[in-house]
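One chain, subunit A, links the two complexes that follow: it is found with subunit B in the first and with subunit C in the second.
The block that comes next holds the complex of A and B.
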């Protein structure tokens, strides 16, 4: 898209994109570290994740302030308006995802108190797709890529399947030996948080879809557009 | 909503120069249509075609049809003076006559003999001023010169003058461009109220104003009607790249 006649307007929108990107990068790092803190029983790393969460909260506030400023001073319309509205929604979702990472790290601290449990390793597989979904959803926002957004949306089916399979594994572990219940419960919560990262990433994808097409994201649209992906 | 004015395949020429190209647009009754576009895009020329204000320009040539409730206003049988009582106009700069406030509003009803008694004329003047939202501010000084009013009051007086002859359509050519934000807000509120009784067409360079006051927006560029649609849709999801570029303030 060509540039605004008023250059400062372009700068504002670029800053908005950069803030979201920065939030996303930090959050992806948080997800990696949180998962590692469970897998490696790394208490220090878990504390790092919990302590760093405020940075993402602050970035969300910055996005809100800049978006409101753009709305008040530039009165955006059409694609600019849709971008600002999408940025507001996306920053909110990224902040939630960062909270999930922090929750996962808290489970690491609790798991550290009890003996190691083999099913822990399943988390490293489970986290891969949600993390990739977040990366791609943010990339779709940065490049106005609606087909990438739809692709992200469809990735969530796989997350749900893997999540359900992992739950069964945990339940089997609990049934086999009641001593496993404590570890399995913590892992269950961690897995739920990971699954929610996938859900929130689909919400980002939906916001990108609306931003680019100007239409609300409806279930039928996804199914109809499945072939295009 | 039934169409009040239906413009079909309108082409306008000033001598050899073509100002409008194949413009077709429907103006729904009791709605405000905003005409937007860069300077020289043809929006004011188009507005002036709707009550034949262009007639006085030499070498003007027009093709196509402007149907006011189905009747072509360019048909030879049409009485232009009568047409302009049905399609009134408000201009960019408030232009009250150098007469009293009362006489400004009474002028139209007088020349069109719209009353029988002085009491009836008083009634028309009062009602027009009430509808223009000016009555409270001027009722005690109707005999004072209209030129003593503030710019915003003068513009509302011009609107009162336009509605005094009970038109069906009111054309407004940048009615707020000379007014401050408060006076502008009063005129915008007035436009919204007048929509109950009249069909309004407004040319404005202020895009936010178009968004605020209109139900339909039409975007003109280089004499072409690029896009027309429901105002909310046009300002959130325009269909044409040129509309998008213009309303977001980008280079075309």
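The block that comes next holds the complex of A and C.
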């Protein structure tokens, strides 16, 4: 390849990384805002999250278009090829996480129509680890850090524990008083979306693992048997 | 390319299609069995679904490995390249649908521990359209049929309507008697998984659209604003 072409190729790969990072940053912001919109009963903030979701959708399309362009024009091999394939997977996963944030914001709107319910506050604890998992999974992608990816993957156990404890709290609320059923159901779905942010972040971690090692992430598959409902 | 290489290349693309079709067939079977395991309170069948899920996980890995091999060795362009990229996306989407089937089977086990609840039967109606959507989305992929893909995409409206009606039924059940809360919550999550089979099938349809037309599926994005919680 001529020097010029090599340079253009490098630029393309850099842009691909930058686009994924930008998607990730926006999505992390969406998660924060969506949780706040429930905690502060902030309708305006909830609408903001819902309205901004299309930006992440458009970024996914951009990543996919650039990835296909790189595959067609540069015909990458070995680790470059694996990076492009990982980018295709990760753009899809981040876009789904952004959808979860948007779903949480939709629950904020529904919760705003009914009286405040104390268990709402549990969400602020619950969201911390999944948000951190996403940040670290993206950082593992940016730096080819396979041990960070594995670390993210293991963090999901904590999320599952916290999530199950929170579910029990909501069930107790429903059983104690049937007037709580609406609020608890909305919170159940909000919590489920948060739990799936963690779950989806492990998928990003798995894509990073395959990208760096060239091996499928399967040997550890059997360690986990989570319900992702 | 020599005749020999062209032939091997064609074989690779055929194998890619066959793997996706096999994944799809297994997954459709899993959806049927999972629903039956709830309807018939069949613990053995539920365990069967949960235990078979790894087969679909392994097929996803096979698709991804073959796709990467084709990209590296054959360096496809134009519509062949788009087919390989679509296969990477679709293998991931089918694998997720299989996870939903497995989640439904897990709910069957939990529902088996409590007394039968009549609203269970609603699931057999609810599952019909999503299952058909998946079948048609895969057939659209196999035959490059963009109009079938668009048709699948529109079927999702019906799923949303049926799902919302079913949710109302479950809420009424919970409000009527707090003893129903457990059963209704499990059914709520089972129904949500079914609804997401439809949702995820529209994602396959979108991947087929992009594969055939070479354009991102975005112009119609704004038509739908579904909550995928």
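The rule we apply is simple: the second predicted complex is superposed on the first by the 214 of 229 C-alpha atoms of A that agree within 3 Å, B and C clash if a C-alpha of one lies under 4 Å from a C-alpha of the other, contacts with A are read in each partner's own complex, and residues count from 1 in each chain.
Simple rule for what comes next: a residue touches a chain if its C-beta (ideal position, glycine included) is under 8 Å from a C-beta of that chain, and two chains touch if they have at least 3 such contacts.
What you see is a predicted model, and the numbers here were worked out from it, not measured in a lab.
**Q** Determine, under the contact definition given at the top, whether A:77 touches first (subunit B), second (subunit C), both, or neither.
**A** both
**Q** Which partner does A:6 contact after superposing on A: first (subunit B), second (subunit C), both, neither?
**A** Touch status of A:6: first partner only.
**Q** Per the contact definition in the header, classify A:175: touching subunit B only (first), subunit C only (second), both, or neither.
**A** A:175: touches subunit C, not subunit B.
**Q** Could you say whether A:109 touches subunit B, subunit C, both of them, or neither, answering first, second, both or neither?
**A** Neither subunit B nor subunit C is touched by A:109.
**Q** Of the two partners subunit B and subunit C, which one touches more residues belonging to subunit A?
**A** C
**Q** Would you check which partner chain A:61 touches, where first means subunit B only, second means subunit C only, and both and neither mean what they say?
**A** second
**Q** Scan A:26 for contacts with subunit B and subunit C and give back first, second, both or neither.
**A** After superposition on chain A, A:26 lies in contact with neither partner.
**Q** Touching A:142 in the superposition: subunit B (first), subunit C (second), both, neither?
**A** neither
**Q** Show me the subunit A residues, by the header's touch rule, that subunit B contacts in one structure and subunit C contacts in the other.
**A** 75, 77-78, 81-82
**Q** Help me check something: in the complex, which residues belonging to subunit C touch subunit A?
**A** That would be residues 54, 57-58, 61, 64-65, 67-68, 71-72, 75, 77-78, 81-82, 85, 88-89, 92, 99, 103, 106-107, 171, 174-175, 178, 181-182, 185, 188-190, 192-193, 210, 216, 218, 221-222, 227-229 of subunit C.
**Q** Taking the touch rule as given, give the residues of subunit A at its contact with subunit B in the complex, in rising order.
**A** Checking each residue of subunit A against subunit B gives 1-6, 9, 75-82, 214-215.
**Q** Which residues of subunit B touch subunit A in their complex?
**A** 207-208, 211, 235-238, 243-245, 247-252
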